[in-house]
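Naming follows writing order (A, B, C and D), and every chain is counted from residue 1.
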Amino acid sequence: MVTVMKILEIIVSPLVALIVGIFFLGLFRKMMARIQWRYGPPLIQPVIDLVRLFNQRGFSHGAVFDLGIILSLAGALVLVLFIPIGGMCPLANSGGLLVILYVMLFAPIGIALSGGEGANPNISIGISRKLILTLSYEVPFIFIILSLMSYYQTISIVEIVKAQAHYHWSLFSPLFLSGVAYFMILPAMLGIRPFDMASAPQEISSGIDVEYGGKYLAFSQIEHALSLFIVIALFVNLFLGGGNLPVFLLKMLAVFVCGVFIHASFPRFRIEQATKYLWFWPTIISFISLIVIQLIR
Amino acid sequence: MNKEFKQELESIFRDITVNITDDVTPVIAAAKPQILAILRFLKDKGYGHLAMISCVDWLKEAQFELVYLVSAYLKGDNEEPGQEKITILLKTRIDRDNAELPTAIPVFENAEPYEREIHELFGIHFTGHPRLLPLFLEREYKIPPFRKDFDSREYVKEVFDKIPFVEDKE
Amino acid sequence: MLIQSILIIAFGGAFLTYILGKASSALRDFLAVLISVSLTVLIFLAYGKTGEIAFASFMNLPLVLRINHLSWFFAIAIQTVTTLSVIFSLSYMKGKERVDFYYLMMLLCNSAMLGIVLSGDFVSFYIFWEIMSWSAFLLISYNRGGALYAGMKYIVMSIIGSMCMLIGIMSLYSTYGTLNIREIHDLISTASGEYLLFISILFLAAFGVKSALWPIHVWLPPAHSEAPSPFSAVLSSILIKMGIYGFVLILYVISGAALYLGLGGGSFRYILTLLAAITIIIPTFNALMQDDAKRLLAWSSIAQIGYIILGISIGTSLGLIGGLFHFFNHVAFKALLFLAVGAIEYRTGTRDLNSLGGLIKKMPVTFIAVLAGTFGLIGIPLTNGFVSKWLIYKTLILNNHPFLAFAALVGTWGTILYSYKLIHNIFLGQLPENLEHTKPAPASMKLPFIILSVVIVLFGILPGIPLKLINLITASLGFDLLNINIWGIASESGPLNIINIFAAFAVALIVVWFFFLISGKKVVISQDNSYAAGIDVPKGKYHYTVDFYNPMFRMIKPYFRDYMDEFYSQLVKALASLSDRVRRLYCGDLGVYVIYIVLFLSILVISKIGLNLW
Amino acid sequence: MDRNQIKKWLESPGKMGHKYSLWAVYFCTGCGIIEIPPVITSRWDAERFGVLPAPSPRQANLFLITGYVSVKTLKAIIKTYEQMPEPKYTVGFGSCPINGGMYWDSYNTIKHLDKYIPIDGWIAGCMPRPEAIFIAVTHLWTLIDKGMAKGYVKYRENYGRYRENQEKALGKLEWPRLFPIKDENE
């Protein structure tokens, strides 16, 4: 019986991630339109875009061009299995937060490999910006993850969620500073406006997606939706104690709406400014919180 | 100021006519051999900026008229009064068939694109010009397009209208 | 008896190839490969044996050869890398001059390393250590020109290191009267803490220089980029690991785990782990800024050494297993990467990352090799790098060292950046015109690529195979046995289970691939059909690789310049000017010397009579 | 989304997808591009119809040729058109692409654009207003629905003749043929 439940979970959680992720993309465009006094597309516009993209014959630059995009989407799907989504977490007991940190490598490397094959300088500039941005937000992110691990004395994410259910959200526990730091680097992890220089449509004609045609662009959109879902789900699980499914999705929606407002109101940083910012404020805050946690322990 | 400037010019160069239209811009008409000398003289007098070279096609007299616009570039208003910022027009006439003219690059380097353009559109050959390559036009033209005897409608009939439409097979 | 035969074949073979080389080069190549392969087989046969044989005596000190699991583990790694790089250099060294000398030095260096690992006492250990250092020096400065400077830097630092070791050996001999490692191990427990600390610092100075620990790493980048590629593969994957063997020898074999932890009141362990953490961070960011492929790999070797030493010096059984396993993995993917860069240099004539590009179409096998190597280097799940790094992280977090764990994790992301730079600037992007007709790597180069890639992936999916052996080693060093199944370590707090990750990833890959295939056709186009805003792709100018992470450089350049290098060069300048002043004393004319003598005598007389100092 | 909409979606998702998600290539060919910004911003929001400016031709399926086409721009237009993935539609703005418009006798402009690339829809007016553009989009919907917007198929079948015309107007083209010769006659 348990294995049937587990297999069911393994099938259901990526589907939930896909549906919620694509719904978030639609909501994203609708809210951006309404902020700019426009009526905006219907909520299911991303689905229409995907149907159209799958109907178009994309251009491919070779085997690695296809394998890279497949690798990145597979990596994103596997990552969803490691994250508890409202009570169901299929692969919770194999490696915990450490493996999550590691499986997060797949998506950027897959995209980078496939983009590199596209032989277009816009792509190379997009990839170099994306990797620099990732390196710059990894520094505070690792401090946050370490302070979480040492506060709850475990590396398994499910236990962290359970612990929060007993006492209180870790956002209001001594981990408050880590929560603040995490929220400061959330736009960078989501790739939204202040930090979307990796896929800037005006400067480098959407960076990595320049050579993506029909189904390649569809896969890239799905991968973007999934990574959107994963980053927010991680934040909710680690700091807002993600409860059962409806409560979990509601919390994700709240975090997502804040993200859209940040996206709507900020200009785009240059990549050096982004690194300067990310290595200064969030890193100091998360470093202080790590020291505080050490003192408590 | 223009009066002394005018006397000075006439004293140095023989048979050039200088008249000052709307008593501000002197218009100098000179023969082809004197052009470079006048340009150098103007540059030494402080008119260091060649704004433009343009060409007029007098079909009836079978002549091209080249106009050099030279002006003092960096003259602030606190300079000595005689040199306030005026543009000088230097005109010359050359005959139309196999027209050619010495290049002004030794005096003004920035004349290079202007002369390339005039060469491409009027067909005037500038001797001594390092790169007389086509500048704007995609296609070759037997008669340079800006000449008066170039019939644009004829050209369109002969080139573009001959390209057939693409109908479907059925 | 087996150990002696191994060493005799190794040394004899080296000189034999040199002599035969005079006769005919084909014979020499064949012999070199034959010797290496036969040595590999011999060592393979010696699995699981432990024993000690005194084979000679030097000034009535018995020279002992010893083999146990630890030395077998290192020996098999040494021998496989040397065999693969000898096979690789068959075609790499074809056109070059002084090839006999090259093969002699290569096999000599290999046999010296075997000697170090199999030696049972410190005298033979020191002898083989010196042979290794000198043969490495001769090979580094093989290409004349800049290589001489790099060789000089290397040999000066390793001489200082081996001098410290010599002092250590002599003090050991004077206190214990014997130099046999096993006997010292029994006697050392009676030693006072300060003496143990003194011995450890002396030995670790020598081993630190050889394994390029952070403050004493400056010789490695120039040495690696100047040495011929097959040897720089051996140099960076095995030769610097002799320092690691030394670390394990001193910290665990001699003093044993308990003593090590108590060393200097626990502070020694803390300093060593801190040094290892710095060795991870600074070279990783330096590697980002390199434009020469081999220099980038050299800096990355230093960073990976930091991981290994971090694992070893933590002092827990999981850490030691992680460290030793990471040593083995690093041997695999670093040899692979250096050989691949050698193949590219052999084919395109350059290894400057700013002028290469698009070679994936011309050298696909090399691309797969570099891909496997970099995935292992980064530690992507399903490669062996992941398992060893995961073990190191686990011990760091469980033993509550968050700042060391931070250094290790940031190091991983730095590794991703510079290894992607390696892949992108060489293989992806536009193929420049001058590389239009590069041929793929020759067959004799492809063999090492395939073998090493298989090793990386196989031990990534089935880590149990090497872990069982390492478990035996750590048990022999006084740690408790961990229950290791074929898929990973099933320890109590959060097991590592590769099978889940492997199965999940395989299923996801198949599902996505199937979904990719059924979702419509695709049109394959060439590289010059890329989007260039409406114009045709400008040939030769449309490949963006010149200083790939430029924005990052401008940020971290002032902080991550190689201060240690500058410090040492200042030191050398100061020494030179000091010695120059001393040289001026001897000005050559007799009169001045007479004055010196008179002066000295007068001082003697005054001090004796006037002040009667003695 | 009444019942026959859903029926249409189920019958031909490709067509409906193309109708309600037209991504236009962000390439300003002529003077008409000044009309595009008001179309895509808040005054006349084109995103309601799913029309978005696409940063690169690889992602687009609609190509707006706005205004007169000079000989030099024709080369870029052909290159961009060939870089768009297969089901693609083109719409010509104003009279200049139709027959040269007021530059009918100029030596430097292209008179009948559909001699060089197939055009699915025309919008009259010397720079049509945004409302006219939306009418054109709805017309394009009906064309797609009826399956008459087959410009790309025509381009593929008569590629030899199109290529000939292009080389007559522009001289030798540097990039190779999009479709090899054999596609031509079968």
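In this section, a contact is a pair of C-beta atoms (placed from the backbone, for glycine too) under 8 Å apart; a residue touches a chain by one contact, two chains touch by 3 or more.
Because the structure is predicted, anything quoted here is derived from the model rather than measured.
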Task: Higher-contact pair (C-beta pairs counted), A-D versus A-C - done: A-C
TODO: Find me the chain with the mean Cα position closest to the mean of all the protein Cα atoms on display.
DONE: A
- [ ] Please work out the Cα centroid separation of subunit A and subunit B, and write it as a whole number of Å.
- [x] 62
Open item on the list: I'd like to verify one number: the distance from the centre of subunit B to the centre of subunit C, where each centre is the average of its C-alpha atoms, in whole angstrom.
Closed with: 71
- [ ] Please compute the C-alpha centroid of subunit A, do the same for subunit C, then give the distance between them in whole Å.
- [x] 36
Task: Junction residues of subunit D, two or more chains touched - done: 56, 58, 75, 83, 85-86
TODO: List, in ascending order, every residue of subunit C touching at least 2 other chains.
DONE: 523, 529, 531, 533
TODO: Identify all positions of subunit A at which a residue touches two or more other chains, and write them in rising order.
DONE: 54-59, 122, 205, 210-211, 213-214
- [ ] Report the complete set of touching chain pairs.
- [x] A-C, A-D, B-D, C-D
Task: Of all residues in subunit A, those that touch subunit D in their complex - done: 29, 33, 36-41, 45, 48-49, 51-59, 122, 201-202, 205-206, 209-214, 217
Task: subunit D-facing residues of subunit B, complex - done: 136-139, 141, 145, 150, 152-153, 155-156, 159-166, 168-169
- [ ] Flag every residue of subunit D that touches subunit A in the complex, lowest number first.
- [x] 13-14, 16-18, 20-21, 23, 26, 41-42, 45, 47-48, 50, 55-56, 58-59, 61, 83, 85-87
Task: Interfacial residue positions of subunit A with respect to subunit C in the complex - done: 10, 54-62, 64, 66, 69-71, 73-75, 77-78, 81, 91, 93-96, 98-99, 101-103, 105-106, 108-109, 112-113, 116-122, 124-125, 127-129, 131-132, 134-135, 138-139, 142-143, 145-147, 149-150, 154-156, 205, 210-211, 213-216, 218-219, 270-272, 275-276, 279, 290, 294, 297
Task: In the complex, subunit C residues that touch subunit A - done: 358, 360-361, 367, 371, 378-381, 386, 390, 393-394, 397, 400, 402-403, 405-406, 409-410, 412-414, 416-417, 420, 423-424, 427-431, 493-497, 500-501, 504-505, 508-509, 511-513, 516, 519-525, 527, 529-533, 542-545, 548-552, 554-555
